[in-house]
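Both complexes shown next keep chain A, but they swap its partner, so chain B is in the first and chain C is in the second.
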Partner chain A sequence: MKPRILWISGISCYGNVHSFLTYTNIDIFLDDFEFIYHPVLDSTYTLTQIVEDVKGCDILLIDGAVADDFMRADKSIKNIIQKYASVVNKIITVGTCATFGGIFQHSSYTGASGVHFKADELQSDFLHLRHKTISISGCPIQPEILVNTLYEIKNNMDIKLDSFLRPKEYFGYTIHNGCTRNEYFEYKVDNHNFGELEGCLYYDYGCQAPYSSGSCNKILWNEVNSKTRSGSPCFGCTEYTFPKIGLFETKKNMGIPENLPLGVPKRAYITIAGVAKAFKIDRLNKKLM
Partner chain B sequence: MIELIEKIEGEAKLDFRFANDLIDFVEIEFLTARGIENILKNRPAMDALVINPRVCGICGHAHLIATVQALENCYENIEISQKAKIVRELTLNFELIQNHFKWFYLVILPFFGKPQDPKKAVLASSLMAKAIAVLAGQYPHNSYAIVGGITSYITNGDLIKVRSLIDECLMFFHNNLVDADIDEFWICDSIEHIFEKNGDLVDVLMKIIYNNQTDFGKSYDRFIVFGGNSYFKSGKSNKTVVNEHVKFDYVQEELIDKSYAKNVYYKNKSFEVGPLARAMVNKTPLIRDAHRKYGDSIFSRILARMCETAQLLHHSKQLIKMIDQKEPSFIKPKVDIKQISSTGISSVEAARGSLIHNIELIGGNIKNYAIITPTQWNLGCGNKKNLGVAQNAMIGLSSIDEAKLVFKSFDVCSVCTTH
Partner chain C sequence: MPHKKQTKKELIIQAALELFALKGFYTTTIPDIASALKMSVGNMYNYFKSKDMLAKEIIKYISIYLGSKLQAINEEPITTKEKTKKIVQMYFETASNRPEMIDYFLRVYLSNREVFKDGCEGMACVSEFVTEVMIYFEEGVKSGELRDQDFFSAFGLFMGYLGGMVFLNGEKILPNELSFYIDDISENIYNALKK
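And then the complex of A and B:
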């Protein structure tokens, strides 16, 4: 039997829905799974039918932030989640809003938050559901991560999770892994300008890739590119801190970035940066072409 | 009789009143609002380039381009390279195209006896998403357009890749929507020629005629376009009389009691925005011919939107040829945005029509931000004396199913409407 999926949206921009719709093997996916409700695709039931009573369902996908006063088809989103959560085997929070609150924790709804977290603060409403939840953060999600995770659930595969319930297979990396600008970071060549192939955006333009988890530079977006490869900073959209204030700026203390690469102590960073700078690698101070 | 309309990037409630078995009045209510304009307050100006694409998952790129233009409009003088301008226009074109394909295969097709076709919808739209990603990093939700230009360098290989994606998309159009020669289709001035062809679009148009629906969805026959660029002309069209002057000063927003949306008027009147409006102002021969025969009905509205995909693909190929690789992608503004206290306004043509952004900066921070979205123009909810465009278009229909088709022919986006 095909696993039955309910995709329900909280306070959302539908970016996750449309990111999912860039998944190029969608027809194969739709042969293997059944949407009892999806916000765009034809599904077994209407939204009104979905909220009336609980239909048979195996996996619950929630995108968007949740709040006590947010309604979907005149029913509270939190009630809809509670009802379906008790019958499904797995719950996936799809995107950063559903996982950490994201942008829409700042919306006009009272106490808007992610399903389990508001930023890094654990929320109490759904504590009993933590054991069956997987979080896929990202604003938006990478479609391959969602699809792969759904297949992993379908095939009863072992999924290792981090402390925010994110699959380590995709969130065990930093966004920095695989960035084409890595050498400028390693050797501390810090003279970047926008619109150029050369240079690293970590020093002055707010790039959060060295301390944000995700696979943007491993899986690649739309199979071809990433923000950092194309010269935009990583905004840390997979993390509970998203969206920080001053997204194009690197906050520094005495010239040292406040946020250092994940797990690197300040002392070690300063020492290594000093050594790396001393290399003065000519090749990296010239134009690539 | 209240009907919940689903799958429009959220929902809306339509409250139908019937008189003599015909729809006499419809109230449109949008159910949620997220308060994006408040989220922006007091943030550094450039943050809007990251926050605003998140207004909408299907037209977020239009919000990015509108944001960067509003920010640049805060400057007295700012230099943007021709290359950056062209690339921005390309990625915006691609967003419009991906939207239109999804709308046709996911929203429109089921009204004409066929199931949704997610395979075709995703195949075509993901080609365009990929083309955006080549130039801008990713789709949805990139922030590659920044004050002063774009963040990406753009290599020869990037342009070759984008051109091949456009060709693949043109081939999709030819193999699936209308099997006409694209160069012929481009200048075609008679819908009769279209009927000689085959394809999913031809089938839908024939069905509209066969079902006697060519009167469905007629409204005020008044159109407006604000976001002129190298392809779209800005202006307004009253029936077929085109006037190229439009001024922001005449645009007013008005709160609606019940709904979270706000109505918007130009000189106190409702205007239709979107592909049909753009084609009427541009005087696109094929659409003018459809309009001559079937007015501002669903026939013209559906044809205009899908015809626009072919036109934009064709135009985008010309745009690529105009790129001078030697130009910089980014020119650092002479004045840092942190020094700017000023106001800026911008308009771009998004998939569903004119999008207007209005910003006020104090010392480089956002004091106020106001957004008027296309759906506000088309989906306004007025009283009987001053109906919105879609409201007016549903009057006189005999069933809720007919009204749903007319409503969705405007390509409704709930999240944008209330933002």
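And then the complex of A and C:
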């Protein structure tokens, strides 16, 4: 029997719904899983039927933030989640809003937050569901991470999670890992122009990849590219701090970036950066082509 | 490195520093340093292969020495204003108690860049010291006491001022001891850097 999935949206822009549709082998996926409800795909039931009474379901996907006064089909989103959560084996919070509250935690709904977190603060409403929850943050999510996680659930695999319930397989790395600009980062070559191949975007252009978790440079978007590879900074959309303001500039205090690469002590960063900057590597200061 | 060899290296560095301050960098030779320590020239080369190599080791030694003193100040739970005074005090005390060290920094390292071009590029050999100055500035800005600005504008103001005073002192131009100027100079630097 195919695992039955309910995709329910909270306060959402549907970015995750659309990102999921870009999954390259969605036809194969749909042969292996059944959506009892999905906001845009043909589903077994309508949303009204879904909220009328609880249907058989194995995996609950929630995208968007949740709030006490947010309704779907005239029912409280929190009640819908509570009811289906009791019958499913696994819950996945899909995207940064469902995980941390994201941009919609700042909406006018009362106490809008992620399912388990508001930024990094643990919420109490769904504490009893933590043990069956997996969080996939991202604005939007990378479809491969959602699909791979669903197959891992289907195959009863042991999924190791970090403290925000995110699979370590995808979030145990920083987005810096696999960036094609790593040589520029290592030797502190910062002379970049947006969209160009050369130069690191960390020091001047707001790139958050060295301290944001995710796999954007290992699992490429549309199998082709990533923000940093294409010459735009990582916005740190997988983190509870998202969204920030001033995404295209690096906040510095007297020349030292306020946010340092994950786990790197300030003295270590300054020492290494100072030594690296002392050497001019000609190859890295030329156009690649 | 074995402890004994390290201690010997430090003795050589100290003897070299004193001779450089007394006779000048270019006129002091490796045999002069060996003779001051009652060592054979051959043995000296077991520690330093050339005078240039010794010169680079000396600047690293000074950087570590000053850097560790600065780090101790940076780690104190005090305001940036208080740190400013402690740094000035520490620098002037070093200049008074170990004048050969600051003398080397100003007269050899900064004045003979050709000696340091290979292996001491940029600030590579003074990174411990510069790192702590950067942390002092960064924490000052973060705490809201100092104005955010280009690092070198602030660095030049702070270190240029201190270096200049030590230089005047070395030339016997100052009418008073360095310690006499600590309060005023700390105040001047802080006022120039504050928000």
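Annotations
The rule we apply is simple: the second predicted complex is superposed on the first by the 288 of 289 C-alpha atoms of A that agree within 3 Å, B and C clash if a C-alpha of one lies under 4 Å from a C-alpha of the other, contacts with A are read in each partner's own complex, and residues count from 1 in each chain.
Here, a contact is a pair of C-beta atoms (placed from the backbone, for glycine too) under 8 Å apart; a residue touches a chain by one contact, two chains touch by 3 or more.
Please read these numbers as outputs of a predicted model, since none were measured by experiment.
With both complexes brought onto chain A, simultaneous placement of chain B and chain C is permitted, the two fitting side by side without a clash. Touch criterion not met for A:Gly172: it reaches neither chain B nor chain C. With chain A as the corner point and C-alpha centres for all three chains, the angle toward chain B and chain C works out to 120 degrees, nearest 10.
When the shared chain is aligned, chain C comes close enough to touch A:Thr271, but chain B does not.
Once the two complexes are overlaid on the shared chain, A:Pro3 sits clear of chain B and of chain C alike.
Once the two complexes are overlaid on the shared chain, A:Tyr23 sits against chain B while remaining clear of chain C.
By the touch criterion defined above, A:Phe104 reaches chain B but does not reach chain C.
Once the two complexes are laid over each other on the shared chain, residue contacts for A:Gly255 go to chain C alone; chain B is not touched. Among chain B and chain C, the chain that touches a larger number of residues in chain A is B. Once chain A of one complex is fitted onto chain A of the other, the partner contacts of A:Ser230 are limited to chain B, with no touch recorded for chain C. Between chain B and chain C, the shortest distance over C-alpha atoms in the superposed arrangement works out to 17 Å. No residue of chain A lies at the contact with chain B in one complex and also at the contact with chain C in the other.
Contact residues of chain C toward chain A in the complex are 71, 121-124, 127-128, 130-131, 134-135, 137-142, 146, 148-151, 154.
Touching chain B in their complex are the following residues of chain A: 9, 11-19, 21-24, 26-27, 30, 39-42, 46-48, 70-73, 103-104, 106-109, 139-140, 193-197, 216, 221-232, 235, 237, 243, 245-249. Interface of chain A with chain C (complex): residues 252-256, 258, 266-267, 270-271, 274-275, 277-279.
Against chain A, the residues of chain B that register as touching in their complex are 4, 6-7, 9-11, 31-36, 38-39, 43-44, 46-47, 49-51, 53-58, 60, 84, 102, 106, 110, 115-116, 118-119, 121-123, 125-126, 129-130, 132-144, 146, 148-153, 155, 161, 328-330, 332, 415.
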